[in-house]
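Reading through the structure tokens given below for one structure.
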Amino acid sequence: MRVQTDGTGGLRHLISLDGLTREMLMAILDRAESYRRFPGQPAYEGRELAGVTLANLFFEPSTRTRASFDLASRRLGAHVINLDLQSSSRAKGETMLDTIYTLEAMNTDIFVIRDSEPGLPEFLMDHAAPHVSVISAGEAHVSHPTQGLLDVLTIRSHRRRFAGLKVAIVGDIRHSRVARSTARALKTLGTTDLRLVAPQPLLPEEDEFAGALRFTRVEDGITGADVIMMLRIQKERMAQAALLDDQAYFREYGLDARRVKLASPDVLVMHPGPMNRGVEIASDVADGPHSVIREQVNNGVAVRMAVLACIAATLTRHRKPL
Amino acid sequence: MRVQTDGTGGLRHLISLDGLTREMLMAILDRAESYRRFPGQPAYEGRELAGVTLANLFFEPSTRTRASFDLASRRLGAHVINLDLQSSSRAKGETMLDTIYTLEAMNTDIFVIRDSEPGLPEFLMDHAAPHVSVISAGEAHVSHPTQGLLDVLTIRSHRRRFAGLKVAIVGDIRHSRVARSTARALKTLGTTDLRLVAPQPLLPEEDEFAGALRFTRVEDGITGADVIMMLRIQKERMAQAALLDDQAYFREYGLDARRVKLASPDVLVMHPGPMNRGVEIASDVADGPHSVIREQVNNGVAVRMAVLACIAATLTRHRKPL
Amino acid sequence: MRVQTDGTGGLRHLISLDGLTREMLMAILDRAESYRRFPGQPAYEGRELAGVTLANLFFEPSTRTRASFDLASRRLGAHVINLDLQSSSRAKGETMLDTIYTLEAMNTDIFVIRDSEPGLPEFLMDHAAPHVSVISAGEAHVSHPTQGLLDVLTIRSHRRRFAGLKVAIVGDIRHSRVARSTARALKTLGTTDLRLVAPQPLLPEEDEFAGALRFTRVEDGITGADVIMMLRIQKERMAQAALLDDQAYFREYGLDARRVKLASPDVLVMHPGPMNRGVEIASDVADGPHSVIREQVNNGVAVRMAVLACIAATLTRHRKPL
């Protein structure tokens, strides 16, 4: 577990939610709420990142997460560089480090990294200059901390407390960074009743998600749930695991209106997107009264603004005088 | 014909020039003139789009139109997201809708859409939230409303009235969204003498361009014309239609200095760009004294600023209070 | 040699360092120093380019140089358009000219061009409107003026005078635009002792780099040097020239700690980047106490800001009144 705060407890990096206290999470969520504007309201615009340069380094394409970080940064006044990079070479670590040094030398303050392989965010955090921050925007199956934060912000907006909440995560949990980060955030905030629902090959290793119950039958896992989080099913992995085709998956695990009725009457239906409608979730459920899927997206920008503003405040304390 | 205005007559969407009144067109052109700055003058900069987020969704690559919308938006203070998207899948409509919902949830206010297939702008307009606008930046062969507006703005800058004007459009009219939108704008503004000039397979269907005269011999069509609008010839289509090669096309239909002499002595030569010099237009004509081709580009930015400013004013009235 | 200044001596274009006086170079370096902020300091932000539109036209991909120009422009308040363009067609000149005319008509003021073939910057400079500027961001093997400027700024920050300085350039000088521009700047500023070190096939033609000494043995070239500038070795060219593989090149020409000891005790080690660690330079030298490689990057942004600010001041004098 890496220390991501500076000596005074200020947030410096965010590559994982491990080790962040309940107080820090709640402070980020509070700040996110202050930035949140619902669709149809004018977006919040501020100067919290004035004079800050942020580089989005995406080794894995992502329209949604990149747009979210891009808008969050610019609405707070940052200069943003978007770089799409090839993640081919074995020597990526070292080459990447020279790219980071180069951008640092151009007075880049914050690096947002997304990568399909594990290790790069921590590697860069270990090598970054003292006045530079690293944020993960998704690291392999390991971590997606801002997604974890936006998920708990969405839940907090609808439920008074995290303790006593029954949360079911359904889908390819084994390969999901979202599931890991959200489970981590829920645990820190006091949720103890977590249920993992997936076909056996898509459940995580036994030593992960300590304390969670595991189910291979979706009806068993979601009965009485206060929150159901559906995960995207990636066809490539389904094929590799010689699993189910789309129709069969939907029949066995897809969240349709009939199954929603098994959950709590005011269950929240969540999905990190992008959705495969008709595969893991029925279209009418995705757009239905229990769905908070678009709220999640809205909260995503607010959470990223909050994280960036916290980090910028920390960086300011570490800046060299002119 | 879709209603593109709100209850008070304010412009809300712009996916077609159909149904826009003469008064509304003139108001947009007037506003565009107030934004227009000629090359060598500093560009107009304003705050009409302050707090507005605009997404450029281009399913069809376009350096020129995208740069024009991008600059128009940013010079009025908007935040701009540029997305280049794949237009492959049959399910584009539905997937696209989720992309729109996602960007809406990030407080995107205006969507600028360009697509080589018909239907997406209207589909999105039908599904957009009440505080969201859709602008077409080119839809298949159907419509290119801002191009139509910049064309009539260019003509209005040089001619007192639209009534009585003789306008010849020459080239691949059958596949041209520019021809359709410009013809629509001209008709609304009072031009009745429109001539369509093309090889037979490139003329539009008989029930289109009502009232226009049709010519297959260029000399017949342009004689006495006050305006000649040349269209880009796309080689792929020429080949498919087993038509003419470049040299033969230029010989039969290309606008050279000799042919310009058949038109009115102060004829305006126009082209929406990009040009194939030596195919549909001779280089010396493109750069010659009758050419207003670069003025069209200049007017393009001004017209897009005007449309965006009108729409932003309408959106402001529909925004939810904080 | 093209005149790149206007009638009053103001900088108008920058496609080469030829013909720029010592006074002009020193004025640019002075201004660059005023813009320079070291990593960890907040970047300089100003309004010197307010109302200016700049287009980055990159026919050759370049993450570093483009990010440097992009940040330099935006930190001074410009609107920036980034265009990645295909450099395939034989007719590039003419098509390119129409692209330039189009962007000019959109009130673009400054064009930054990078191209792997020679000729385009001068061609565009010859055809640009009087209120438009052209800056080269790297032209084939010919010229890379802002790199030359950042190199001499880096040297000036550490050495009192250019006269009497011993400078060794090591590597593929034959194909290097950096070597040509930096040698030009050094000569203008008074450095007479320039040493070129490379395998015979990578040394330049005899009539280039007048007055420079040539060496094929690296130890001979760098002994006593005050500055060693290492150049990137491109494997494609090595293979074409049936030269050395990476290990053999490093053994014969690579700058390692042992070789650094042959130079002046306070030698500056420079590299324009991106580096091939273990090929032309040892990793510990690149990161060692003599290395000013990251300072070069930092100075790169400052120099580009200075060039842009000088050019914008000139353009302002040539602007048409409203």
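When the chains are written out, they are named A, B and C in that same order, and each has its own residue count from 1.
We adopt the following convention: contacts are C-beta pairs under 8 Å (C-beta built on N, C-alpha and C of every residue); 3 or more make two chains touch, one makes a residue touch a chain.
Predicted model, so just to flag it, every value in this text is computed and none were measured.
Copies chain A and chain B of the same sequence differ by a rotation of 120 degrees once their CA atoms are superposed, given in steps of 5. Counting the residue numbers that touch the partner chain, chain A and chain C have less than half of them in common. In terms of their C-alpha centroids, the spacing between chain A and chain C amounts to 41 Å. Touching of two or more other chains is recorded for no residue of chain A.
Chain C makes touch with chain B in their complex at residues 50-53, 79, 81, 83, 85, 94-95, 98-99, 101-107, 129-132, 318-322. For chain C in complex with chain A, the residues that touch the partner chain are 37-43, 45, 63-64, 67-68, 70-71, 74-75, 273-275, 277, 294-295, 297-298, 300-301.
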